[in-house]
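Have a look at the structure below before the remarks.
Note that the chains take the letters A, B, C and D in the order they are written out, and that residue 1 is the start of every chain.
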Amino acid sequence: MYTLKEVAQHNSRQSCWVIINSQVYDVTSFIDEHPGGPAAILQYAGKNATAVFNATHPEGTLEELPKKSNLGPVKFVPGDRQPNAKTTPSTSAKEPNATPHLHTIQNLTDFEAVAKDTLAPNAWAYYSSAADSLHSLHRNLADWSKLTLRPRVLRNVSRVSLRRNIMGHASSIPVFIAPTARAKLGHRDGELCLARAAARHNIVYAASSYSSISHAAIAEEIRRERVVNPGARVGQGALAFQLYLPHDKEAGRGVIGTARSLGYAALVVTVDTPVLGKREADERFKAELEVEIYGGQLEGEGEGGVRRLAEPGGDEPVLRGYHSSALEWDDIPWIREAWGPGPLIMKGIQTAEDALRAADAGVDAIYLSNHGGRQLDYAPSSISTLLEINIFCPEVLGKVEVYLDGGVRRGTDVIKALCLGATGVGLGRPFLYALSGYGTEGVDKALQILSDEIETSMRLMGVVDLSELDNSFVNTAELERDLVSARSLQASLRTHHKL
Amino acid sequence: MYTLKEVAQHNSRQSCWVIINSQVYDVTSFIDEHPGGPAAILQYAGKNATAVFNATHPEGTLEELPKKSNLGPVKFVPGDRQPNAKTTPSTSAKEPNATPHLHTIQNLTDFEAVAKDTLAPNAWAYYSSAADSLHSLHRNLADWSKLTLRPRVLRNVSRVSLRRNIMGHASSIPVFIAPTARAKLGHRDGELCLARAAARHNIVYAASSYSSISHAAIAEEIRRERVVNPGARVGQGALAFQLYLPHDKEAGRGVIGTARSLGYAALVVTVDTPVLGKREADERFKAELEVEIYGGQLEGEGEGGVRRLAEPGGDEPVLRGYHSSALEWDDIPWIREAWGPGPLIMKGIQTAEDALRAADAGVDAIYLSNHGGRQLDYAPSSISTLLEINIFCPEVLGKVEVYLDGGVRRGTDVIKALCLGATGVGLGRPFLYALSGYGTEGVDKALQILSDEIETSMRLMGVVDLSELDNSFVNTAELERDLVSARSLQASLRTHHKL
Amino acid sequence: MYTLKEVAQHNSRQSCWVIINSQVYDVTSFIDEHPGGPAAILQYAGKNATAVFNATHPEGTLEELPKKSNLGPVKFVPGDRQPNAKTTPSTSAKEPNATPHLHTIQNLTDFEAVAKDTLAPNAWAYYSSAADSLHSLHRNLADWSKLTLRPRVLRNVSRVSLRRNIMGHASSIPVFIAPTARAKLGHRDGELCLARAAARHNIVYAASSYSSISHAAIAEEIRRERVVNPGARVGQGALAFQLYLPHDKEAGRGVIGTARSLGYAALVVTVDTPVLGKREADERFKAELEVEIYGGQLEGEGEGGVRRLAEPGGDEPVLRGYHSSALEWDDIPWIREAWGPGPLIMKGIQTAEDALRAADAGVDAIYLSNHGGRQLDYAPSSISTLLEINIFCPEVLGKVEVYLDGGVRRGTDVIKALCLGATGVGLGRPFLYALSGYGTEGVDKALQILSDEIETSMRLMGVVDLSELDNSFVNTAELERDLVSARSLQASLRTHHKL
Amino acid sequence: MYTLKEVAQHNSRQSCWVIINSQVYDVTSFIDEHPGGPAAILQYAGKNATAVFNATHPEGTLEELPKKSNLGPVKFVPGDRQPNAKTTPSTSAKEPNATPHLHTIQNLTDFEAVAKDTLAPNAWAYYSSAADSLHSLHRNLADWSKLTLRPRVLRNVSRVSLRRNIMGHASSIPVFIAPTARAKLGHRDGELCLARAAARHNIVYAASSYSSISHAAIAEEIRRERVVNPGARVGQGALAFQLYLPHDKEAGRGVIGTARSLGYAALVVTVDTPVLGKREADERFKAELEVEIYGGQLEGEGEGGVRRLAEPGGDEPVLRGYHSSALEWDDIPWIREAWGPGPLIMKGIQTAEDALRAADAGVDAIYLSNHGGRQLDYAPSSISTLLEINIFCPEVLGKVEVYLDGGVRRGTDVIKALCLGATGVGLGRPFLYALSGYGTEGVDKALQILSDEIETSMRLMGVVDLSELDNSFVNTAELERDLVSARSLQASLRTHHKL
């Protein structure tokens, strides 16, 4: 058994020990293999990393380390004070009184304000960051505001229905939880909160490939929730599986098979991430941490885990992130086959050209998204892509279902999307923020707010069923001005699609 | 007789006493029947509620309580200090010197600034709040600014006339007081201030269904003012009655009949409020108060008067507000019949489609409004609806009179509306703000300012009579860009109106 | 002789004494006749009014008072301290070091910043104020920014000429000093500064009807300057006379005749001021002063010199300001006749319709202006009116010369106007601000800056003579979007001009 | 040898000594010949000017002074403290800890923030200043944001190529270092930093005529860097020579010949600078310095080195700057001849009209630029000029190569330009700012960032080679709205180009 003092001496690349759950680990040989990069480990060298470790890793991760790295329990000596870890995760950082009472939360933006105030800096950086100059991030929000509504009066709206079929599931509202990674950064229960709330509200939750809770545990939780939740029925809530294709095709088949066998009812294949976008707030946070830890060693290059991203002339391309950058249209058939029957959704379509092509590619639905503005900056907002399709190739809307996400904050946003032909609307960050502040209750409240806003807005629009919504209920003049011109789009279709 | 100390012990849902006008009341059994919700009572449990009660209830309300609830006068013991009520209403909160001298008020926006500074928080929240993200609220103001004027020079404008027939009344200016609820929140004389000022300036005042002074007292006051006001003539000022249809048709007939018999000269039927909009500033104020009062009891749901707004799957729909959500076009004939001859105005039209339909529905006038941005957010401003009608279906302007309100702050706004075909223009909040700061004198001054602005602007436009105003005096280019496209509107008319 | 103490006792409406230039005056009987209103006098009752009096009145004003009102010189007693006048004019208020050195002034906006910092509040309010919500004021500036330039390269620009014929005068630059009132508020030499600078730069100065220096003295000064200014030539500088027509036609003929006989070379008839606009900053300043002086007396109406602007139903219309509000197109012939040969310019044209009419009305030039945004708010900027003419009725540019003012701050602004067909461009406030901070030297520097900017910009545009400038050098796309639509303008011309 | 005390007495125009590199110089007779103006010297009269001198002059400048002006070394007396020079240049002013670690720099804008914080005021004023009201400066940045991207998904992008032929050089990225003057203001190594980084990244560096390092030394450095830089190959990096034509044609031929003989591979002739623009921040800095130095002497004109820019009526035109203002289209042939074979690029084209003319003028490429907004304010951004050409005269893109600079800050900006037909994109200020904070390493990092952004964006766009980029990948709707109208441009071409 080692004392804190002894552990503290192993605080370098040459000998790196950390304390997790009162056990001492020697992770020296593991530093360079850490998927999250060496810096994430080295900042805790010689220190207690329990809090941040548990907050960012799925259960069972510790068990994957080689047995011999566990040096046994730490020996606390009277008077010892644990050396503080630099980045304390949000769950412990929150002062009990700092978070406003959930009852006072009025809308989804309130959750964001709470999260900004109470999340740990690294969690806020990861959740809120977006590509480059944040143009797409801001446009995602702004473009919804450019659409206005055209309500009708004097219709009997005493009873309204918000039901809609989403990814094969009879959802209670035209909304689903969009895939987002690493929910444990926000709350210790992580993705479980999302699963529980989806079950309670009988909606679809599309779990990310990068969940911080295992996909099996998520699937288990949604089933459990159906039982414990008073008034639950069979069929309440459903799961979709968001897939990043790995480099290896067989590995891909394996993941798809696992998702199917765990009971995920729909497959959402992300096609906009051959590399990761440049999310500067996140990268800045890491760089500043590295400077603090490595100090002068960074003067040269390549030292201390700091790599140049693009080595000119190297043989192997250096990519941002770890996904396949070789995924192409020809891969869709084998993915379709591997998944078998059931909803297959292509996520990340951003132009009318690709929507046209996708509509003939054998998928059940396309999912318009610019990845929350985290991939290509200056990519169009999903609502503007929907309008592009609505105007230039409305036939797509008859061939495949259309989903979208990005910047949705209000029930009126959902209604606008449905007016233009969307089947359902996803939200990502708002649920993460709700979960960060309030766990499952937060997500539950967020869905309750959205549901109330949609219902109230339907009545004020003079419609009692979502199927009544069409182009005539929305004024698109302002957003339409910024669409690609018909002249330009037709030239593109002639050139690239041989139309 | 009870001492303050004894009263203070009855401060719960189980036993709730309050002091009003030095009398003790046991209101325990009334808590759940309170139209304003239980919280509004419970916050004063065991306390002196005199100030806030008198400020928010019409005279005679206290008399409607069961006799036995009055436990007799409070017994003041020497040294007693009244427990302070939390929300002190504006009338007592105003420091004598805090309000700028009325003489320095230059325009209607000045009144708003004064009200913001001096009103009690609950009153400001109620008056100023609007739906959701306040888009329509802000658009209401911004859209007027998008219209510019095209004045003509070298016309003899030494004498001008501002007279116009408004809702059947020979009004001295093309302006009326739009319906707004709960004027007592702003001033102890409440709606009486509005009635007096309407009489002095010989204009129409459309009293709200939700007036905090009885409709009979309002009608009485406008008649009295005609007598005491030096230089008054018969016919000076007129009343219209704004109607929210109750659920029960017979109750509706009753209200209409009462309005008629009290001498209200026009009936304004509101058609944009099947449910109340989500006015967050107002709801936030209430929620924060509830948290302060109920504390930990709010953790679960349904406790302490806090209800979920939409109970999914319940048998009875839970609606925002208490109006009929079943009102439809087929109801217009019986309303017409119940009202009999005299101006019948349909308030809340927001699209060309509905304007076309309303023009054939047997009403005398349509009243374009988005309810001050308090109902559906992203609804069009009334001036943009007017422009939509002016361009796409100008025949409506020949069939019915057109009124509008929303965001009007200047004489030039009034002139712009008249250029595009409006008969008259209503203002709501500006008069409430004027009344909050200065009572009747404030409303009087507000009308005087508006009148001067209209008159000065007419001279600077080169017109001597309002009938000269037409499209050629206003440049609509900027607002026109944001109108629904002709293509889209024609498709809508084909689909929904079988044109 | 009276002591300060004795004078101080005569501080009311009943007995009102003031000290001017060390003399005591009893002005009690004059209070109600004061053209500037009683308040302007009463605030100095019992006090020393020397500074403000001298700053706001032409020489010789004091001599117009009845002899007996002069009570003799004030008697200073050792230890006496003059009671401070409330509003100290800028000339004495300026701290010697507060004003930046003239050498550091880079552009016309710098002068405005200096003036804002150093002018007395009443002077700043009068100079800077504009109508209502300041929309036209701001638009005047913004609209220039909407035009961009299209420069040409590779042209020999070693020598350029900035000469242009302005109102019949061979001006050294295409710029003139626009009429502005009350220059003494800014500097004790008042309009003389403007006359001197006009002479030095050989440009036209259009003196206002409301000059605070007599028109004779202005005319005398420009002649004198020609002599004392080294290198001056005969013909250097010229005067135009800006005319507000008085109510009485004969009085009008008289003024015109006087202007002619004093040597004013052009007559600028203002046609946009049948009444004064509502300049709130100015009116607010006066109202706040009145409240401070009259206090409680203002509660009622009509007391203390505070009048309601529009008395409804009165026999005589109450107008803002003192000009004729009956001036009309039929008056132009007699004005033309009264003035005789020489440039006659109609100032205040704001639409294509009126430009077309004016082009046939017998004037030599039209002068596009919205009066610096001080008359009708939401009136178009002059540059947008010029563009309206340029596009919809370019024939006007062939019939009459076109001048304009409003928001001009840069040499590039001047060039933009000339590209669209203007003959010359006037500036008002910038010269007042230059004069306020630095007297004649300031105006001189302002003209030098403008001249340099125009010359530099011409070279960078690739032109050597102003006559080369045409539509091809300016991109009007952004401003053109906000013009009245062709459809709307043509309808207007058909209706109002029988075209 | 003189002591500091003795030197300090020679602090006037009459006798002006300065200390440079511990030597005393009598520069009295040189004051008026100083190319940077007398003020730049006089502020150091009697003082130590070492730091600012070295930072702003090329090596060897001191040697050009007459021998006799060197009065020998300064004699330091114990206890002497050097009199501080007023403007300390950035290299010495930077606190070691004030500059953020280079590793934390995420993008090119970060470099600008660092430079603003750490540069000396004169250097920041010189680098950042732009013409007049900074409209073009801001538009340069804003216009890029108006273009949005239209990415395509599902393309194999594992390998991408960023190579492009720039000014005859096989560049590793489609970017070059645009010409900027006076790099020593930012860093003591000045232009050498730019040359080194260009070599390391194998791109083109276009050295300014006004480099603060001699053109020979720059050429030498890029050759040396090829040797010392590990992995360097022959052909790595290339130089272009930016030319301001002097007044004298023979002098021009001389400069061109020298550039050729020093190994500069391309000639960039600037055609937008017949005079210098009015860069107010820079001029204001100088004026304030002059006021501080000359004080009261500035009251009159012409004293103390302060000249009026435009002397009206003088025989010789007074121009801003020292270039030829007579350069014209007819000069192109002899320049072509003097330069001989090899890329000849015409820099400063700003309209379609001039692009059309230049395409037939015998140059290899046109370079769209508004000189960083430093010449004519309200000139179009280069990206809007490129769009103008792309739409109205795309044939130009087939005849000559097109380069552009101005406001480029992101890899996505580069891609947008290439989509619209540009061959390569230049950046100026960002490299100066990188160099100011971090010398060569800063420029290196800036290029590395750009390269990474371009590569990442290409993958996210779905393209693997720059030649795939075309109009279909960019949405130009927003920028297109602000282009000159087709109607207007066609009229211009008819009038000015006889088309």
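The working rule: a residue touches a chain if its C-beta (ideal position, glycine included) is under 8 Å from a C-beta of that chain, and two chains touch if they have at least 3 such contacts.
Remember, it's a predicted structure, so these values are computed and weren't measured experimentally.
Visitor: Treat each pair of touching chains as one step and give the shortest count from chain B to chain D.
Guide: Minimal hop count between chain B and chain D: 2.
Visitor: Validating interface symmetry: for the copies chain A and chain B, is the fraction of residue numbers used by both over half? Same or different.
Guide: Different, since under half the interface numbering is common to both chains.
Visitor: What angle, rounded to the nearest 5°, describes the rotation that places the Cα atoms of chain C on chain D?
Guide: An angle of 90 degrees brings one copy onto the other.
Visitor: Please flag the chain sitting at the greatest distance from chain A, going by CA centroids.
Guide: In terms of C-alpha centroids, the chain at the greatest distance from chain A is C.
Visitor: Could you work out how far the Cα centre of chain B sits from that of chain C, in whole Å?
Guide: 44
Visitor: Would you pick out the residues of chain C that each touch at least 2 other chains?
Guide: Touching at least two other chains: 481.
Visitor: Testing understanding: with touching defined as stated, what is the shape of the graph linking the protein chains, line, ring, star, complete or other?
Guide: Drawn as a graph, the chains make one closed cycle, so a ring.
Visitor: Can you work out from the touch definition every pair of chains that touches here?
Guide: Touch list across chains, by label: A-B, A-D, B-C, C-D.
Visitor: Would you tell me which residues of chain D are touching chain A in their complex?
Guide: 101-104, 106-107, 145, 147-160, 172, 201-202, 231, 409-410, 412, 416, 448, 451-453, 455-457, 459-461, 470-472, 475-478, 480-481
Visitor: Which part of chain A faces chain D closely enough to touch in the complex?
Guide: Result: residues 132-133, 135, 139, 271-272, 274-275, 277-278, 280, 283-284, 287-288, 290-291, 298, 306, 308-310, 312-313, 317, 319-320, 325-329, 331-332, 348-351, 353-354, 375-380, 481-485, 488, 491-492, 495-496 of chain A touch chain D.
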